[in-house]
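What follows is a set of structures to go through.
Below are two complexes that have chain A in common, paired first with chain B and then with chain C.
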Partner chain A sequence: MTPAAKRRKRGNGGFVLACLAPALVLFAVFMIVPTVNVFRMSLYTWSGFSPDMRFVGLDNFRRLLDDDQFIRAFQNTVALLVVVTVVTMGMGLFLAAIMTRQKLSGRNLYRFVLYVPNVLSVVVIAAIFSAVYDQENGLLNGALRLLSLDGLQQVWLGNQRIVLYSVAIAMVWQSLGYYMVLYMSSMSSIPEELYEASSLDGASAGKQFFSVTLPLIWQHLRTTLTFFVMSAVNLSFVLVRAMTGGGPDGASEVLLSYMYKQAYTNSSYGYGMAIGVVIFAFSFLVSLLVSRATKREPLQF
Partner chain B sequence: MTITRLGRTLTYVLVAAIALAIAVPVAWVLLASFKAKGEFYGSPWTLPAGLRIQNYVDAFVTAHMGQYFLTSVLVTVLGLVFVLAVSIPAAYVIARYEFRGRGLVEVLLLAGLFVNVNYIVVPIFLMLVGWDRSLADVLPGGFFIDNPAVLSLVYAATSIPFSIYLLTAYFRSIPVDYEEAASLDGASRFLVMTRIMLPMARPAVTTVILFNFLAYWNDFIIALTLLPGDGKTLQVGLLNLMTAQKAAADYGRLYAGMVIVIVPVLILYALIQRRLIEGMAAGGVKG
Partner chain C sequence: MRRRLVLVGAAVTALGLVAGCSGGGDGSDSGKTTLKVAALEGGYGRDMYTQVIDAYKAKNPDVDVQLQISKSIEDEITPNMKAGKFPDVVVLGQGRKAALTETLVKDKALEDLTPLLTTKVPGEEKTVGDKLTGGIVGNLNTDPYGDDKTYLMPMYYSPTGLFYNKGLFASKGYKVPATWDEMFALGDQAKAQGLPLFTYPTAGYLDSYFFALLADVGGEQFYTDVMTYKQGVWQTPQAKQVLDITTKLLGYAAPTTVGYANEQDFTKNQQSILDNKALFMPNGTWIVGEMKDAPRAAGFQWGLTPLPAVTAGGKRYITTSVESVWIPGSAEHKDAAKDFIAYLYSDEAAAIFAKSDAIQPIAGIAAKLTGENADFYKVYEDPAVSALVGGFAGTAPVEGVDIKGTLFDTANSVISGDKTEVQWQTALDEASEKLRQAGN
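Moving on, here comes the complex of A and B:
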């Protein structure tokens, strides 16, 4: 900023405050206060509507350790995160590389189609997948019957051993296009000369992907990974809430859906908020871990 | 050479298969919304007998989707108005003015990017219930719960960090010369902001509108929590329809309801897809 501009900006307190105050008040009331409340309420037992709120210290957290349903929800969340992250990132990178490097014909159409799920709501996606997975009249079982593969038919959302994979497929279906487009934009900024140089050395397309593309978009990949983990924690919840309700028998319960259940159905707000604290800590730790584990010397081009 | 050609063909087949896996279920829902009840028995891979619109009439009128549609439009539009009204001035000031505490404000907003609204929906709900209770003498019917305007306000508030982040970055990229020229001509600070800077920040404002539109229109967790009464949004209405139709095994109405929810978003997406994708590259990441 030039000195003249700085001078102009003295004595602007009133203007600055008027511009800033509405946003900060809203932000404080609906984000900071509730976030602080998650942590504070986790130290109490409270049934919600009664004024009776008792301080119990870390009791809620101690109870969590003995809660089999909570442990199962935790395991499900971790499993979903690992599977969905690996599959979505892998496929997203693969597709983005093909779309940018291979000059695929009709790639605008592909991009259009693949991005569609990202604009659909989770309720719609849940409804679509209910239609796909329906036991009697579902698309999947119907297709298997058409192909005379009746033996492969499954109760996709009713079988405890399968339901988590069914949810994972829906999650990949939803987020694949978004990450593909994201990586396409970062790959398209890699200068063509680098590829030319490496193909003069005789590198195949596959090798180029690992020796040129991947190292150069690595920093971007790291950032998206952090956000991906957090949005997947969230997506798993909304999808489970709309599609399976956590069932059958808790087989698809995830951390956030269990928190929601404890808070509303069970009216144990304090206990629910202790789960909320675990979720906060968990997403923070995972982000930190991911960012540590993927740290490389930044490459420039 | 033949190996690479085989590999190429395989890749193309794979890409096409993935695209089909996404397109087919969506197209199927569109088709199924025209089917009569009897047509849902037997193979799902048949075309509807004709263009029956009875399902749509049922969905719009009997299942109240028409009314829910209006609620959703109201909530979304109000939310966008709120978020723009508070975020644009704040982002402008953060980008252009020196003031005490600016660093703290920026750090808090940045931290806010990482707080997902679904993490904090329970305390928000309890807070609003508490406010209603303390107002019970004045407003026995309650004010904050079941109020679409309050829902819009919550939407707006929880998307402030993202909106300010995007707008601030854009304001910073605009050279200060224009503002200096305008203020030398005697324009007030307010005029400089609204008449000079706002028009120049149009691309960023459009991006903010797009992403927030999708977030508000598609949300159902907050709407489910804050509007427990009859005035539901489209998404919550659809969720209820889904539960009801599953029990009754009458799917036509559900699929018609889904089409009602999908079509406005798809039309918008088709119109502005390039904008959306460019905005994504500019805005970095948002899940």
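Moving on, here comes the complex of A and C:
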């Protein structure tokens, strides 16, 4: 490189930097600083307002291990993550495959209907499901009564063994359409010839799904899985807060709602941040594991 | 040249972004004192505040009062407070979900208002302390550290207790029970007619119930012991008796109670009183306004009774919810704030508040009430009934321990059979012990 060209390059660098600076500053102020702060605060005891913060090292984390409610919230989060991910992914893939491969009449309508929940605010969803789950004249118990299945009626939000699954159903309902549309778009980009060729070889629709569709959209699947882990952690919080408040008696508490309770209601900000760190590490680890476990040689068509 | 222009453009954009974040100046340099008042918009509405402030401004032209009022005032003032900008006067009681008042109490971040009690109300002869009804200051609600220093001034007070439908009681010939034995007898009688005795909106509403019951069973000293986490207090026979009575009462709970005991559905539990589907629920006088548009059974009329006495003729307490007004320790205009608070207890201000049913603890005010309110405030007239104010004492925050949650929310599990009374007692004992250690 000639010296002149080098100088030119450096000049460009300054300009690029100036253009990037606003975004970088905003990113640092609103993303990096708070994240670092979460980690820092988790080592302190602080109520949130007082001028005195006491450094306690890893005490907050040690206390977490003895905290039954935290462990319960952790179990609930993991259960939600597993159940909701498996069900949403499975149903999303299945529906997407049917919608793209089968010439279903009115499939645009189905797609629309399934996608609508995704644009609703979570508070609206909570209100809808409160009506669906109502133990007396709710949609669910009402339908069961109509079918003379009175024995199956449940107090959906009052029974501690069921309430978590009631929340899970609402989460699936909310996110199913979004992932279905994502998979549909990736499936429709698979060339038709592959299906023709495989059907000439005598492959059934099921065989085609597992041997052609799934391997070819695998990369999309991996990406959405990572999305999913993160959004499920967040969504479970908003939904739990709006729908059950973590009740009855902590039965539907999830990590983020417990963190909120500790950091704000119980004035243990540092402890809440320690929970935040656990959530961060947990989501990070799960995403990493998912990404490692699903790693395949990318297939192309 | 062009490049330089672009550079300047980029710099201006960046500056604009930064400036946009730091905007919102004070604009209070005209020699006037700007008093920032933050208030919770509760069931009483917001008009009464604007009227009182207008009246105050008319008397004090050199003070500008800025009112910030919201149904979730904590969310609006907290960010500024974390940044060091504090309101001068805050009208916000304890027992809110965000627990801002409690947090500041735990932090000792409130201004000592004891001198205010001996200050004359502006334009009147009496001092603030003289005007207040007896016993309303000097408890843990106003003097949170139990050291005879008042940090929270009582603002409005209202009785809480068991609400029921007077019409239903008259038509069925039920008598409002005076003792727990009568209560459970009524429970059996009503059960035979398919009527559950009890329900609650959410388990959190059991606070007034528990406080009164603790004092009913063990007297005020025992109540204070529980509230200040005396060692082993939950292992005493009195504590056992409180949990015994409660567990028995929860056995009479309406089957729908737990399923509706959440943020979304709690009004359905309240509705069951209006629909004659349950006899009693613990609540506060705001229930009248809260459910005023709800459909109700024919002949419905709100009634309020204190908890039944433990033994016939025993003393009965009525938990009195008191909203508070306080000054943050870091407020800018503390003297102006104190003057404003003193004014809030003037006859003029009290009349404005009373019009919105916000009843201040000023002696003689209850006699002027009308309608349902007159009826509710009458509960204090029974000589066997006394007001009980306060709540759990403030301690340094203890990670993972929430004694209110342990005491109230467990009721959900007791009704559904997920936890036993013994587990309840053990959990309370542990939580109380941890808080005791943090308090000392």
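The rule is simple: the second predicted complex is superposed on the first by the 279 of 301 C-alpha atoms of A that agree within 3 Å, B and C clash if a C-alpha of one lies under 4 Å from a C-alpha of the other, contacts with A are read in each partner's own complex, and residues count from 1 in each chain.
Everything below uses one rule, namely that contacts are C-beta pairs under 8 Å (C-beta built on N, C-alpha and C of every residue); 3 or more make two chains touch, one makes a residue touch a chain.
This is a predicted model, so every value here is computed, not measured.
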>> With the two structures overlaid on chain A, would chain B and chain C clash, or do they fit side by side?
In response: clash
>> In the overlaid three-chain picture, which partner chain does A:197 touch, first (chain B) or second (chain C), both, or neither?
In response: neither
>> Once chain A of both complexes is superposed, is A:128 in touch with chain B (first), chain C (second), both, or neither?
In response: first
> Is A:149 in contact with chain B, with chain C, with both, or with neither (first, second, both, neither)?
Replying inline: neither
> Now for A:22: first (chain B), second (chain C), both, or neither, which partner does it touch?
Replying inline: both
> Which of the two, chain B or chain C, is in touch with more residues of chain A?
Replying inline: B
> Which partner does A:247 reach: the first (chain B), the second (chain C), both, or neither?
Replying inline: second
>> Applying the document's definition of touch, where does A:82 land relative to chain B and chain C: first, second, both, or neither?
In response: neither
>> Under the stated touch criterion, which partner chain does A:288 make contact with: chain B (first), chain C (second), both, or neither?
In response: neither
> Taking 73-81, 127-135 or 343-351 from chain C, which overlaps chain B after aligning chain A?
Replying inline: 73-81
> Which residues would you name on chain A as touching chain B in one complex and chain C in the other?
Replying inline: 15, 18-19, 22, 26, 48-49, 126-127, 130, 134, 241-242, 264
> Along chain A, where are the residues that touch chain C in the complex?
Replying inline: 15, 18-19, 21-22, 25-26, 45, 47-50, 60, 63-64, 66-67, 69-70, 126-127, 130, 134-136, 155-160, 241-245, 247-251, 261-262, 264-268, 270-271
> Which bits of chain C are touching chain A when the two form their complex?
Replying inline: 3, 6-7, 10-11, 13-14, 17-18, 81-82, 97-99, 102-104, 106-109, 202-203, 256-265, 268, 397-402, 405, 409-413, 416, 418-419
> For chain B, which residues count as touching chain A in their complex?
Replying inline: 4, 8, 11-12, 15, 18-19, 21-26, 28-29, 32, 40-45, 82, 85-87, 89-90, 92-94, 96-99, 105, 108-109, 112, 114-116, 118-120, 122-124, 126-127, 129, 153-154, 156-158, 160-161, 164, 176, 179-180, 183, 189-190, 193, 214, 217-221, 235-236, 238-239, 242, 246, 251, 254-255, 258, 261-262, 265-266, 268-270, 273, 276-277, 280-281, 284-287
> Once bound in the complex, which stretches of chain A touch chain B?
Replying inline: 1-2, 4-6, 8-9, 12-13, 15-16, 18-20, 22-24, 26-27, 29-35, 37-38, 41, 48-49, 91, 95, 98, 102, 104, 109-117, 119-124, 126-132, 134, 137-139, 142-143, 145-146, 173, 176-178, 181-182, 185-186, 204, 223-224, 227-228, 230-235, 237-238, 241-242, 256, 259-260, 263-264, 269, 272-273, 276, 279-280, 283-284, 287
